[in-house]
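Next come two complexes built around subunit A: one with subunit B, the other with subunit C.
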Partner chain A sequence: MRILMVVLTLITSTFWCVQTRANSVVVIVHKDNPNNQISKRQLIDLYMGKYVAFPNGEKAMPLDVAAPDALKRDFYKKLVSMPVSRVNSYWSRISFTGRASKPREQENERMLVNYIAQNPNSIGYVSRAQFNKMNSKQIKIIMELYE
Partner chain B sequence: MNKSGLILRLALTIGFSAVFIGFISSQLFYKVTYKNTLDTAQADIAQIYITVSPSSSIAAYLSDKELANEVLNGLVSNNLIMAASFTTQDLNIATEKFTANYPHQSKFQIVSPFLKNEIIGEVVINHDITYISSRADTTALFVSNALFIQSIVVTSIAIFIAFYFITKPMITIVNTLHTIHPGTSKRLKTPQYHQHSELGNLVNDINALLARTEMQITDERKLRAEIELLEKRFRLLFENSISPIILMEPRGNILLYNKAFTQLLEKIDAPFKKNFGPMLAELFDDTSALEQSVKTAFFNDEIATGEYKLKAQVNNHSVWVQAVISSIRSDDLKSYYQVTLHDVSKKRRELEALSERADYDVLTKLANRAYTEKQLETLINTQTPFAFVLIDLNGFKQINDRYGHDAGDEILIHVATQMKKAVREGEITCRWGGDEFVLVFPNIEQDDITQVLTRLNQRIIKPYLLIQHEVKVNIGSSMGVSFYPNDSIKLQQVINFADQAMYAIKEESKTKGGRFISFASNVADDSSEQTNG
Partner chain C sequence: MQAKDTLLQLKIMKKLLILISVLLQMTQFAIANEGLHVSGFGNLGLVYSDSENYQFRTDISKYDDKMSPTQVNWDAISNLGIHFEYRVNNNIDAVAQFFYRGQDSFSFDDYTNLAFLRYRPTANWEIRAGRTALDIYLLAEYRDISFAYPWAKVPTEVYGLIPHRSLDGIDFTYHDQTQPFDYRIKFYTGHSSSQIGGLDYKEALTLEELFGVSLELSQLNWLVSIKHTQAKIDDNTQSTQLLTDQLNRIPDALWQNRESFINGFELAGKSARYTSIGARYDFDPLSIIGELSHLDGDSSIFRKVNSAYISTVYSLDRDQFFYSYGFTDTDTYRFEDQTLRLDLLPLETAQLIFAINESSNYFSSSQSTHSIGWRHDLSDNLAMKVQLDRTFIDQGGGSLWFFDGFLQTSPKEAVTAVFVSMSFTF
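Showing the complex of A and B:
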């Protein structure tokens, strides 16, 4: 009985791991972008308007996705542990100073990927599943956000 | 108002201690409240900071000067905060009045809005200590004033209660007690609401005490009345006595005398004086005899009696009094003399008349031999049985030779006095001649006569003090007794038998413990031989 419990737990946890992997969010840039990697801090600074530049100093253009809701929510939760409403209020609080502006928003993941394919200095995010499904040659992953 | 009265003392004590304690505690409360208010201000400032901390986090994260200024302005708009500074790696701004090393500061670390464990700056807040302390002062002052007022109110109530429930009833009790005289029927009233309190008990006890005192005083009054009555009776007795009675000090100061004494003085026409000399010597004709007699009697622990002539004369007659003088010792060991006088002038005059008829011996005031022989013949004529006693003194001649005739006369008077005391009415005492005395007892038995003579002998042999010579002398007696008609019916023979009987034991009676009474019937044989021989 005990052995059965242990086996069950193992199976469940393995399944859960696969799930999260499948639910991860990938951060993508143009395939010609010279940066192959970015740290989480650098990503936060980019998306929260502190430094709008890539690690190599080139100007960066962060992008948000309007739909699906879940993706944007998932992304900010993984990035700064905040709900989207908080992020919105953050931006509303600082936007009047004109020092920084919130990421430009694309309608959906496909439009986001297309935009990145045409703008090498832009940066955005899609779900891992969507990324695998689209299999675009114009973009590359520079970071993957897990739970 | 009484300076040491209870009310004033109570009010002063409670008032002073209340003011003192009120002052101390309000001071203490002031300090504590002041400090609490300061601490509260510090906590309030921390609270205020929390409300602006999200903004300050963002401002620090973005190094946004405007946002930081907004935070600082928000902070200093509060009354508690005088100035504030905002510091990050890139930014260092402060409000106008900010000084870095201010003693009343609160420092808050700014945490990154996205990475919760990363500190990205610091906000320093300078307290508006003037405002805070003035607010603390106001609060503390209010609290301490309230406390002070409360203590005054409580004190007033305490004084009021103490006055109405303790002091006032007590003062009422004290004042009432002050007006109560012991022995009267007036009592204290129990104060209202104090029936079962200590004050009530006090009143009850005092009333019990008053009741007892009243009873005792009543008893005492009754006793005093009885004593007064008794005294009145004694006074009556004393005042109405026919004989003058005088109480005096040994030196002669008269302490007490009765009406009879003043009457006596009036009679002899002598003015009253407080002191007539010891034993009233100034009143008497022959003072030395009186003094002598008193001295002798007191030395022998006897009451002095004697008949003395007064100096003054009434209607050419001399006044004789019998003086009885006794020495009294009072409880406080003072000695007094009590002198009682009896007027014996009349008796004296009769005696003098007798003496004129030569029936009496002048010295001893006893009957003389001639008178006695006449009396004896009368007894024989009427055939009345009698005992004839012849008494001869032992040792008299020696005293006469050694101390003179005065001493001898004194002894004779002394013996004569003892004889007068020994005989009864109708019995004859006689100085037979020299130092020989005769006693005649009509109708008497041998046993009775032995008794009388033994008693007489005891008085005679008692050592006698010759005051002038300051010497005690001893005399004795030998007594011969014959009876009429048992021994003889002839007078001369009765006398001879007694004489023979007396001589038969003369020598023996001189020895101590020897016989001193001899009856003629016992020596009849010897005496007849002697008579014959």
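Showing the complex of A and C:
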């Protein structure tokens, strides 16, 4: 009985880990970008217009994605624990006062990846599942956001 | 009277149509141009107040030609802005913003809220030249962008006495990340023009030689800001000049202190100083925002005003509930100069004394407000707000409101005001 419980626990936690990984959002940059990782605080500063630069001090161009709608919601929930409406409210006091420019929105994940492939100073996010599916050689992951 | 009202409405409609057509043309140009990004914001709101003496206004730049007979006001918090950003290259961009908030003139200058070029030599440094938002208090830069805050309007006690919104000049900003906080320091200089008004009148008030510094320390869940601005008032307002001319006619023999009084009274060349300390702290689901401000100047008109507010906001997913308390306090001015020989002067001189008291109390607001309200985000870019204010106005302290009479005789009253609005961005 004890062995059965251990096996069941192992199966459940493995399944949960796989699910969590599959639901994660990956933060991507151009493959030639010298930055290989970024902290959550740096990513928050970058996406909330507080310090729009990579860890090495190079200016960055953050990108948002319009579709699927759930991806943007998921990204900001994981990043700052805020609904998109509150993120927009925050950004309206940054962008409309001319302090910083809102992340430029790309129509979908494929267009976002193509944009990053052509602009080495840009940074964006896609779902782990989409990243695996696209298998682009022009981009690399510098952070992964889980639940 | 009815014909005059219809004419005024036609004029406003004509202006709105011109504005909309200009905005449409600009939007079409933006769509055709990839480097250009167009966005906008607005607020459609109504205000109801239960007072027959006082009518709400957001700040002293608002004037009106008559009190609304219905006590319902659509103009007070409604506005529309369109924002353009053009990215020249990685270091340079240009920003322009046009804003309608009930201005009754239609000059390009009046509607231009922002128009600047920005140069970012590194990620830390930023230089902007042109027309920028005047960063005088914590919420000053975005006071008109209703979607940016939970309330239906920014606290009138602190922001009602600041008519100026933009700065024509240059600013330098340095910001960096350190442990345990980020910091941002900005120096700005230039000049700023605005109207000040009330019922039946409006006058220009320009601040020259304006210098300011803003320091912000922050983390994602807190912010502390300290700001100080000082400027010279370029000239007397029309009414101050008129009054000064009249006072100058009184012979020295009948008023020994005339020259020194006028020197302390008139606005031309006098300094004005604005200081504020503000803070925000978020401990989910609660946030506390507060600010203390101090305004003073070297003229008896531009006297010491202390004001403050504190607000607690409780946030759920798409809802925010808030309670705020704000107050402003200024001593009432009364002309007292024993060297003026009123007994030897014509009776009309008493009217001049009355006018001195009236002018000197223009900035003398004295009131406190309790507010409760609710913001509900209907979508990612559309929010509905409801706010209930209970304001206790002291006798002679109603200068933040439209008052049909002389300010020094404005009565003590408790006013209830209800605000309902829809704010949006696009």
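We take it that the second predicted complex is superposed on the first by the 133 of 147 C-alpha atoms of A that agree within 3 Å, B and C clash if a C-alpha of one lies under 4 Å from a C-alpha of the other, contacts with A are read in each partner's own complex, and residues count from 1 in each chain.
The rule we apply is simple: contacts are C-beta pairs under 8 Å (C-beta built on N, C-alpha and C of every residue); 3 or more make two chains touch, one makes a residue touch a chain.
Values in this document were obtained by computation on a predicted structure and should not be read as measured data.
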Partners on subunit A (subunit B, subunit C) - clash or fit: clash
Residues of subunit A touched, compared between subunit B and subunit C (which is higher): C
Which superposed partner A:V80 touches (first subunit B, second subunit C, both, neither): both
Partner chain in contact with A:E58 - subunit B first, subunit C second, else both or neither: second
Subunit B versus subunit C as contact partner of A:N121, first or second or both or neither: second
First (subunit B), second (subunit C), both or neither touched by A:S101: second
First, second, both or neither for A:I44, with subunit B first and subunit C second: both
Touching partner for A:K31 - first (subunit B), second (subunit C), both, neither: neither
Partner chain in contact with A:R93 - subunit B first, subunit C second, else both or neither: both
Residues on subunit A lying within both footprints (that of subunit B and that of subunit C): 41, 44, 48, 50, 80-81, 90, 93, 97, 99
Complex contacts: residues of subunit B adjacent to subunit A: 55, 58, 61-62, 64, 66-67, 113-115
Touching residues on subunit C, where the partner in the complex is subunit A: 37, 39, 41, 81, 83, 85, 87, 90, 93, 95, 97, 114, 116, 118, 120, 122-124, 128, 132-133, 141-142, 145, 147-149, 175-177, 182, 218, 220, 284, 315, 317-318, 377, 379-381, 383, 425
Residues of subunit A touching subunit B in the complex: 41, 44, 48-50, 79-82, 90, 93-94, 97, 99-100
Subunit A - residues contacting subunit C, complex: 41-42, 44-45, 48, 50-53, 57-60, 80-81, 83-86, 88-90, 92-93, 95-99, 101-102, 104, 121
